[in-house]
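The letters A, B, C and D name the chains in turn, as written, and every chain counts its residues from 1.
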Amino acid sequence: MIRHTDLASAIEANVADGDTLALEGFTHLIPFAAGHEIIRQGRRRLTLIRMTPDLIYDQMIGMGCADKLVFSWGGNPGVGSLHRFRDAVENRWPTPLDVEEHSHAALANAYDAGAAGLPCAILRGYLGSDLAKVNGNIRSVTCPFTGEVLSAVPALRPDVAIVHAQRADREGNVLIEGIVGVQKEAVLAAKRAIVTVEEVVDDLTDVHPNATFLPFWTVTAIALVPGGAHPSYAHGYYSRDNAHYKAWDAISRDRDSFLAWMKDNVLSKRPEDFATQAGRAA
Amino acid sequence: MTDYTASEIMTVVAARALRDDDVCFVGIGAPSGAANLARLTHAPNVTLIYESGTIGTRPNVLPLSIGDGELCETARTTVSVPEMFRYWLQGGRITLGFLGGAQIDRFGNLNTTVIGDYDRPKVRLPGGGGAPEIATHCGRVLIIMAQSERSFVERLDFVTSLGHGEGGEHRRQMGLHTQGPTQVFTDLCVMEPDPESRELVVTALHPGVTREAVTERTGWPARFAEALSETPAPSAHELATLRDLQERTRRAHGEAA
Amino acid sequence: MIRHTDLASAIEANVADGDTLALEGFTHLIPFAAGHEIIRQGRRRLTLIRMTPDLIYDQMIGMGCADKLVFSWGGNPGVGSLHRFRDAVENRWPTPLDVEEHSHAALANAYDAGAAGLPCAILRGYLGSDLAKVNGNIRSVTCPFTGEVLSAVPALRPDVAIVHAQRADREGNVLIEGIVGVQKEAVLAAKRAIVTVEEVVDDLTDVHPNATFLPFWTVTAIALVPGGAHPSYAHGYYSRDNAHYKAWDAISRDRDSFLAWMKDNVLSKRPEDFATQAGRAA
Amino acid sequence: MTDYTASEIMTVVAARALRDDDVCFVGIGAPSGAANLARLTHAPNVTLIYESGTIGTRPNVLPLSIGDGELCETARTTVSVPEMFRYWLQGGRITLGFLGGAQIDRFGNLNTTVIGDYDRPKVRLPGGGGAPEIATHCGRVLIIMAQSERSFVERLDFVTSLGHGEGGEHRRQMGLHTQGPTQVFTDLCVMEPDPESRELVVTALHPGVTREAVTERTGWPARFAEALSETPAPSAHELATLRDLQERTRRAHGEAA
């Protein structure tokens, strides 16, 4: 298998209509370039999993890629609503969107269980919350030692996990530093994993022994996409574009302005354009 | 220096509730402002934790998101998100949680999920995020919300996060040993649960606020404590520190455009 | 509370007869100095938890400190038996020893569950093994989604966790690097935590953002004991004394030679002697 | 160069069973020697994992323990022990496990717990350690054990780790999708499970070893494959590499005194 490839080939080879996808990155290292490539390739009927759908899933939902969303917090952080997500749930535009809604704790545990090869996760969760009433995937188990009733959620096992990372080496090992989120869990829980990176280096021998590290044999494809997390950010490379997150509120509020923005900034662009967008030299 | 906004006094009064030895799980927005104001004034050693995994963070500007780079760069350590929710929150290591919501009821239960019916909502809100488990696992919970009849409601459309449930010993009966909401800070007043019924009772009015104003903006029959006090106005130092922080924040977020 | 203290005071204030203790460190960073101090202070009826009892528990068991051992692999790594452990189980010398025996996977999960505030851990474990027949703390739960029967073990919640670490700062934050084992989990699962360290530094601000780090408010007492892991080792400070591990086989095989060695090397020594033993300047 | 010990040929033949793309969970002793010999000869890219959390380690000398500093210093990364057993082993990321034991039966089940009764054992052995889950979660399992009638027994005193259970489709019926023991390497021969019954069958004799010698040192009626082959003797390169590794190891462990 060719591990190092270009982003378009990586998506084409690994993401099919109807797949279950997890594009992860908890505020940090959100794989925007990969999401845009999926939109350009016109994937449909995807089940999208993300703790925080963020702008990337707002865009994919608004462009009609998804028919189901598994999530735990669907807002524009510090700004307000995700208008495309709301429009899909409230008005079924551009297409109806099923939602499976959890808490952060439950989804984090569900990724952990997926990585750990378990069928489900148990947690002290959802106590007194109505979420368990509207989500059939929130069940319970009884502790065989104390009799305590714990919440249970199914392990997440996406077909494809997609993450953005700081660096990969030639062999295909990947390094993630800073806010590491649930990326390791998402990759290890998934059948296939695509990683976009800021940089490819000769080797990764000089890193901290306990850094978050994905060995080459856990990764299906790696694509070099400098700036590929913009308007999210890459610790050590570029900062979060908070102004863009604020601007998204107005862009996305209206269907036409959203579609116009997507045409200019996604459909007619290429992965290489992210380097400029992130304020870095191409 | 008595010239302050309703939002400023809400933040300042909430900040005063943090203790120097608290380990505080901070949410974005008003909680983040209040928690960092506390750190920059009377609680320099408070440990601030954001759900992105950053522990002991000391941001120079307020983050826009829960995971801005500033939080990691100034943190003592950063753990994965599963570890944050498993070892630190569920593990009982957090003394204080901060929550807000679109709707609150008289027992401090919160709705951040939907307005209207869940399956065909009038307004789809962002959802629970960390809140359902922050509400049950933190030692105590502070709530910050601007007050209106629309948000302080007789009955929630959806219970996202548990407050005192149906009141009384409800939390205890569910097996919880944490305190739940101990104070609600609004732009008008401070409310605290009655020790027996756990119904929220107004214990302090902000300077210049009348009982009538509170009653009018509360969707249930507001109750007032016998020993109703007046909130001490923000001090010059508190206000200056808050405004500096917000001004630094505005500049930082604007510049990133 | 005085967080920085000397080792004798830390043990005296935090370890009582009858307590449940976890001295952890997976081959690396085993807190030998703390174990020796517990022996010198004559603690009795302890329940000792460790994945690999190693020489430290062989010594504590042989000196009569323990009446129960919770463990998963009780050998001298690469050498053979732990003779004092065997003598206690096979011949009840110097005192009978209850054992609660698990696999590594189960104990690692049990520490994880303890740190995570859960009453039990679930795992795909013990399939086809007789261990579940002899250990009543190996039970099962059924996944409410797939019907799969999973093993369950109770969470570990020691009264005291004791670990050795490379560095602490003045405020009491602790850094562990290299083979990090289950130390973080043991500390977070325990009611009280004692940490011995190679070094106390002014601050720990220059460490990797994702290094294993225990904030000061998770630690009860810190004692500076250079060399305190010898004959185990401290990554970056000194190596494992493999020759001593080999020599232990002959020392410990016989009760008298064991007691003589303990008298000369433990009962009549102090924590300060570890610096020399570890081959470092005092 | 036909001058080698029984232990050497056991290690060399086991080493040959590792593939360059294997991810191998290595135990201390003979497995560690065999796995590193493979890495230093025909499988330079093999990933070696030790249960201490070290992933992709390339030790210059053999570790005495599962967690010598050498392992971490030469590893690509080191994870916590819970993560090792949860994400990597139970997560199904390990293609190959190496086990040994005090007793083995004809279906490759292993005892490393006790000789005699569990509650009043004649010999208290070290116990299971990682083995019970290595046996079920690795893609396939190799077993290395010096052969004797005392260790290759009709009936185990205690089943610590599952091999093929009671044989046939037993593993599959338990819900396992991993292969279990695929080869047993002894100082006399190589055994492999019969494809149907899963009983261990001798498929190759080491040079100079007779069927009678194997039968004598097997506690059950030993079976031999129809196409019984002779193990190719260790090559000069294999032997020299193994001896260099062991000599470096002896020097390193001695010097630490």
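Following the convention adopted for this analysis, a contact is a pair of C-beta atoms (placed from the backbone, for glycine too) under 8 Å apart; a residue touches a chain by one contact, two chains touch by 3 or more.
Here the structure is a predicted model, which means the values were calculated and not measured.
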{"item": "Between chain A and chain C, centroid-to-centroid distance (C-alpha), Å", "value": "39"}
{"item": "Cα-centroid distance, chain B relative to chain D, in whole angstrom", "value": "57"}
{"item": "Residues of chain A touching at least two other chains", "value": "112, 117-118, 123-124, 148, 178, 180, 184-185, 209-212, 235"}
{"item": "Sequence positions of chain D contacting 2 or more other chains", "value": "72, 78-79, 86, 90, 137"}
{"item": "Touch-based graph of the chains, sorted into line, ring, star, complete or other", "value": "other"}
{"item": "Which pairs of chains touch, using the document's own definition", "value": "A-B, A-C, A-D, B-C, C-D"}
{"item": "In the complex, chain B residues that touch chain A", "value": "28-29, 51-54, 63-69, 71-73, 78-82, 84-86, 89-90, 109, 113, 118-119, 121-133, 135-137, 158-162, 165, 171, 174-176, 252-257"}
{"item": "Footprint of chain C on chain B - complex, ascending", "value": "21, 23, 47, 55-56, 72, 75-79, 86-87, 90-93, 137"}
{"item": "Sites on chain C touched by chain B in the complex", "value": "112, 115-118, 173, 184-185, 188, 204-205, 207, 209-211, 213, 215, 217-218"}
{"item": "Chain C residues within the chain D interface of the complex", "value": "26-28, 51-52, 71-75, 77-79, 81-82, 85-86, 89-90, 101-105, 108-109, 111-112, 123-131, 134, 148, 178-182, 184-185, 212, 233, 235, 239-247"}
{"item": "Chain C residues within the chain A interface of the complex", "value": "117-120, 122-124, 137, 139-146, 148, 150, 152, 154, 177-178, 180, 208-212, 235"}
